[in-house]
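The structure follows.
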Amino acid sequence: MAEPYVRLENIVKRFGPFTALNGVNLDVHSGEVHALLGDNGAGKSTLIKVMSGVHAPSEGTIYVEGKPTVFNSPRDATVAGIGTVYQDLAINPLMSVTRNFFMGRELYKGPRGLGIMKMGEMNEIAHDEMLKIGIDISDPTQAVGTMSGGQRQTLAIARAIHFGAKVLILDEPTSALGQKQQMGVLKTIKKVRKRGDIAVIFITHNEIHSQLVADRYTFLALGQVIGAGKKDELEHNEIRRLMAGGAEMRDLEQELADI
Amino acid sequence: MSDRNESDRLQQESTFQRLIRRPEAGSFAVMVVVLVLIAFASNGNAMNALGIKNNLSIISQFGIIATGAALLMIAGEFDLSIGSMIGFAGMSMAMMLKWGLPFGLGEATPFSAFFITLAMTLSLGWLIGTIVVRSGLSSFIVSLGFLFGLRGVTEVTFRLINQSTQISGLQDFKETSFFARLFGGESFGWFYDLAFALGFNLNRRGEQWVTGLDARVVWWMLVVLIAYIILSRTQIGNWIYATGDNKESARANGVPVNRVKVGLFMTTALCATIFAACQVFDTNTADAAKGNLKELEAIAIAVVGGILMTGGFGSVIGVAFGAVTFGLVANAVFYIPWIDGSFYRVFVGAVLLAAVFANERIRKRITGGI
Amino acid sequence: ERYVMITHTQGTDPFWPVVEKGGRDAAAAIGAEFEYNFAASGDMSDMAKLIEAATATQPDGIIVSLPDADALGGAIKSAADSGIPIVTINSGLESSKTVGALMHVGQPERLAGTSAGERAKAEGVTKGLCLNQEAFNTALVDRCSGYFDALGADLNQIDVSNDVAQIKTRTAAAIQADPSIDGVLAVGPHVCEAAAEAIEEVGADVHLSCFDMTPGVINLIKDGKVQYTIDQQQRLQGYIPVIVLHLYNTNAGMLPGANVPSGPGFVDASNAAAVESQAGVNR
Amino acid sequence: MAEPYVRLENIVKRFGPFTALNGVNLDVHSGEVHALLGDNGAGKSTLIKVMSGVHAPSEGTIYVEGKPTVFNSPRDATVAGIGTVYQDLAINPLMSVTRNFFMGRELYKGPRGLGIMKMGEMNEIAHDEMLKIGIDISDPTQAVGTMSGGQRQTLAIARAIHFGAKVLILDEPTSALGQKQQMGVLKTIKKVRKRGDIAVIFITHNEIHSQLVADRYTFLALGQVIGAGKKDELEHNEIRRLMAGGAEMRDLEQELADI
Amino acid sequence: MSDRNESDRLQQESTFQRLIRRPEAGSFAVMVVVLVLIAFASNGNAMNALGIKNNLSIISQFGIIATGAALLMIAGEFDLSIGSMIGFAGMSMAMMLKWGLPFGLGEATPFSAFFITLAMTLSLGWLIGTIVVRSGLSSFIVSLGFLFGLRGVTEVTFRLINQSTQISGLQDFKETSFFARLFGGESFGWFYDLAFALGFNLNRRGEQWVTGLDARVVWWMLVVLIAYIILSRTQIGNWIYATGDNKESARANGVPVNRVKVGLFMTTALCATIFAACQVFDTNTADAAKGNLKELEAIAIAVVGGILMTGGFGSVIGVAFGAVTFGLVANAVFYIPWIDGSFYRVFVGAVLLAAVFANERIRKRITGGI
């Protein structure tokens, strides 16, 4: 097996008295879609926040291309090639679509910081990139606060993709989307995967979505890994059981029908 | 039905509609109203040769610190230490000019006094900013601590070294030092000379009346111009907006949020130092009360100029209009003989509220009511 | 021995440091401890609380200025009742005895204002304007009122603030607005300096008189831009009480037979050169 | 057909120059689950905000039990029996679970407002109600800010159910939930429906969920109703097509598989 | 593995750990440090008979307004008009007592002067609150308008009606009116009588020194008690927290957010009026500077007491500790002879920053770092 691009070893994260992650291992390979699944509160968001430099782990090591790495800020993670679309979208409501899109990575001429921004070019790129995954915004200078939840999600995804990271982390990217846009995102994930040089981490509660795109699974429950493996190694029913944190899905559906 | 398009839901707007939706529209309207009212009520006195000079002098003072405060507010932070910083800077410069450089380094020149002071105030700005970003505490409360602390230090230094809360009777450095003239001298003299040649600008004795505007007018225009370009055109400008709007998301996208904030705290300190230098080199005095309450006035002007208290929104040009409004109100009532001077605080309060309402309407239109 | 001085100022008026220095010099001369304090808010109730706090530390004497006998009287009286000797200074001559003080050193602000006004009237002032930098400071308002009493006119006072640029522009505005003003009183030395500039700017012939001294004011007097300034010789208000209290405590209640008027003294072109070196430090 | 409990007639809502709703009609019947479906930005959230008194409609009328009604505040709507679980959860992160649960409807003895709260009783109820839909919180005095997204959602739903409204509006209640909790919510919806006296409005982007519980559908697109009807009146494929705002779902899935 | 339980992830805590996680812990610690330092440095002077009376008097003054400010801050709003409101209330009461009731309604009694003033200040509080909730504007800026405006009105009224910014020479109403004694009189006399009987509480002449605490101490205790019960036990208390934490969600759940806020603005006005009444009836004077700067001090005390600047978090007891800390520091310079009085502001700044850091640590522990 090839060297994983990012490898987490024995990650522990405590918030005060509360242990959110209790020794988690994770390998992320380029050209694969890695589905991170688990119940509410299992620690998925916490895990990827550790991976993208938002939280420092209490214990454990992050390896990037085999080298132990410490992220002191999200910026460090970005530089290391880890791009993230957060569940609580990293979007600024008062700013325009374009300014959001290029936030922190503006196109400019002149010195960094004091360089003059190329607004026209940026407007065009933002519009085009969002159109590519299926949302046509009429005016890229419109404030993002006036857009719907799904439109914002699309912006965040388009942005992460445009600034093409080596690892693209998507925390429940489809949960607020309409079906058409859901498919659009899945399509984009597959497109990214096809390039072969990018690893995608995909968090979702939707079983169908994960089966449509994922190559590899990791299941979390109560801060621990309760199962992992490649798609072809796992049985369908096993996946369903693990996604529900170990409960029998079939029983639940039956119960529902009985009411 | 499904062939309706997203853009069908957005009405087309006329140029005028676009104009009154600019962030500066509210502060501009308020400024025009105040200008016209005062010009009438003062029988034109507020707008004669001397009136213009004096009003602009106050307006630029306000404008300089309000611009700094406004940038910081757009980034979502406050600085309540501006007034005390002005007092500290004024004290520091005057003290060096009178008692020489610290550590027995000999006589001070305006140049050395200014730059040593600037080094100190910038360090203080850096310190406030660093405490704010490191601790995650509200800047309101951190800078409130410095409001008390810095004023105290200024007072203690005056008392212990100078034995008096005031320094006066310094030599007039403007006569000998070009650098002192930069801050305390005059500007736009040609304008008043021209007006005199044309038969205006005569005083009661029939001589040429005013010889020029205060140098601080030029400083104000410089500060506004630079701030305008930075905020609306450069990358840092985008970072400032991003930081104030949603700090976490800005950080997650690689905006150096902390450095932006610390930089802006240093900018308000810089503005306070320019303010103090203009006064010190103009009057050759300094006292412990210098800058008192200026922090609240700077914030008030920024808000009159359309800056949003919660950050992420506002324009430098609007703040310039706000400074004009506020400067006129603070100064021009004294041109109106039939109004008791003590009414001026009442007016300040009223204009503040009126402007803030006007701005809010505009902002709601722009951002769709968030 | 330990003496405490409390005065009414917002801490920014250059008048009081001279008083303080007088007190310190006297204390140094007799080898006593000396503390000085003031209520920065300008609120009389706050000052009363300071007096109480000082009393609690049981000093050997309290020196206090008395701008508002009603607000401060209670605190001073209870200090006196607890056996602490008290000397009042500066304003408050009338109430000094009733609040239980041993004696008073100073000169009532209103009277000082009146003497400034009398001289101004004699020098031809018909319509006056008073520049007050702390509009809520009753001692300063008293100076203004006294000035107008002597002129026989109603109080015409503006709040010029403590900001030197605003002092200048507001003064210019007021003179500009009413060309009949021919006499200006500035009740603080920094106001005096800024007012002189404003008058020059407006280009009016205005009689300018001031209160208290700084080197800048002396220069203006020498240049003829300021006619005179009222000197309360406030150093005496700091120095004498410490000595009096010292003698009172160490000599079985030795006490002068009358209050000591510290002023008013006029400084004008005739004596400006002589007091110059002392201005702002000892005078 | 019985009188609808709530009827919206020709609702128009404009935000400045932008028309979010353009003449929408909606009938809500007691004892039914009404699925409100549509693409991102279609106006679903806006519509239910109008219904629950957050936004005043620009035009149109709301009838409650046949009587025209004007809601001046969310309180009015609550009094009229409309309980809402918002998409952007109405949760206060710094307050404890119990205080959140009873926020605005505290149990107290004494006069309203100044009455003393019965904390013990409230703690118990909050814990029990959340347990009923499958989340066991260890400490009801814990601050909600320390809970995961899904846990918060559960709190909001448990609360709305506990204060049993006549109309229960759920704006994408399952989108942030794990599969087990998703089933729990659907189960709860069915339980509520079974009581027969409560109408449920259920917004979702998940086709399966809507088919599992809904009795009646309304499809929105670009602020207008593009289709509506009872479950048995609509064809399966028609539903899928309408959910995607009119696009052909099958084509999309095919596209995805092709990449 | 799946038989692990949610509660396994939470460690058990000891009683001590629980105690230092209470919101008051930070302000309590700071208070103890300041108390001990001052008791030592003053050789006990700060804690003798008069020292206690005097310190408590300052502390209660601070405490009364800080409690009002704190409740409002928990609900997520600011009131910068507190100081001006105190000035206004003091002016109004003294003016009526001197010049009679308005509209020629005859002589004023302490009772009528107080309640007419209270009616006015409550209306003003209502007005500020209503403007804030109706307009959705930041309360910082609205109340800043009133800071200027009310101070101006106070000054103008003094000048126009009274010809002076100070009223003094009122008769001593405490002698004739029980109502005036309620505010300006003494309390806990029995305590000092007892101490005297036991041989303490002697002045230099050996007589009884202090006869009682100021009445405002009782007012402070009352205000704290009522505020504590309301905030932590009643329904309104839950509404206040809910309003400050997340206004929208509170509103959506039927909390009458607007009425809560308006009510709390009226509460700060009430506290300001009590403050002013205690001073007016104690000294029988009023002046236009009354209450100057008190708004910033009230906010600072609330923060020292552990109130979160952004609302939704804090405790009344903590604020009481904060008032003790702040009151002691304000007087400390007297009790520590070797320190110059002008150090006061330096101390205030330092204590403010120290307390705020301590509180922040506690809060992070409680709320899990939000």
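We call the chains A, B, C, D and E, going by the order they appear; numbering starts again at 1 in every chain.
Everything below uses one rule, namely that a contact is a pair of C-beta atoms (placed from the backbone, for glycine too) under 8 Å apart; a residue touches a chain by one contact, two chains touch by 3 or more.
From a predicted model like this one, the values you see are computed outputs, not experimental measurements.
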Both-way neighbours, i.e. chains that touch chain E and touch chain A: B, D
Joint neighbours of chain C and chain B, given as chain labels: E
Lowest number of touching-chain links that must be crossed from chain C to chain E: 1
Taking each chain's C-alpha mean as its centre, the one farthest from chain B: D
Chain centre separation (chain C, chain D; CA means) in Å: 72
Approximate Å spacing (C-alpha centroids) for the pair chain A, chain D: 27
Gap in Å, rounded to a whole number, between the CA centres of chain D and chain B: 49
Chain centre separation in whole Å, for chain E relative to chain D (CA means): 44
Chain E residues counted as touching two or more neighbouring chains: 6, 10, 155, 340, 342, 344-345, 368
Numbers and ranges of chain C residues touching at least 2 other chains: 11, 135, 159
Per-residue multi-chain contacts in chain A, two or more chains: 15, 18, 41, 146, 245
Sites on chain C touched by chain E in the complex: 2, 4, 11, 33, 35-38, 40-45, 48-50, 52-58, 68-72, 74, 81-84, 135-138, 141, 145, 155, 159
Sites on chain E touched by chain B in the complex: 80, 131, 135-138, 140-142, 144-153, 155-156, 159-160, 296, 299-300, 303, 309-310, 340, 342-350, 352-353, 356-357, 360
Contacting residues of chain E [partner chain D, same complex]: 5-7, 10, 230, 233-239, 241-242, 245-246, 248-256, 308, 312-313, 366-368, 370
Footprint of chain C on chain B - complex, ascending: 42, 45-46, 48, 50-51, 53-55, 57-58, 61, 155, 159, 163-166, 168-169, 203-205, 207, 209-210, 279, 282-285, 287-292, 294, 330-332, 334-337, 341-342, 344
Chain D to chain A touching residues, read off their complex: 15, 18, 38-42, 45, 87-88, 135, 146-151, 153-154, 172, 175-183, 186-187, 190-191, 194, 205-208, 212, 240, 243-245, 247, 249, 252-253, 255-256, 259
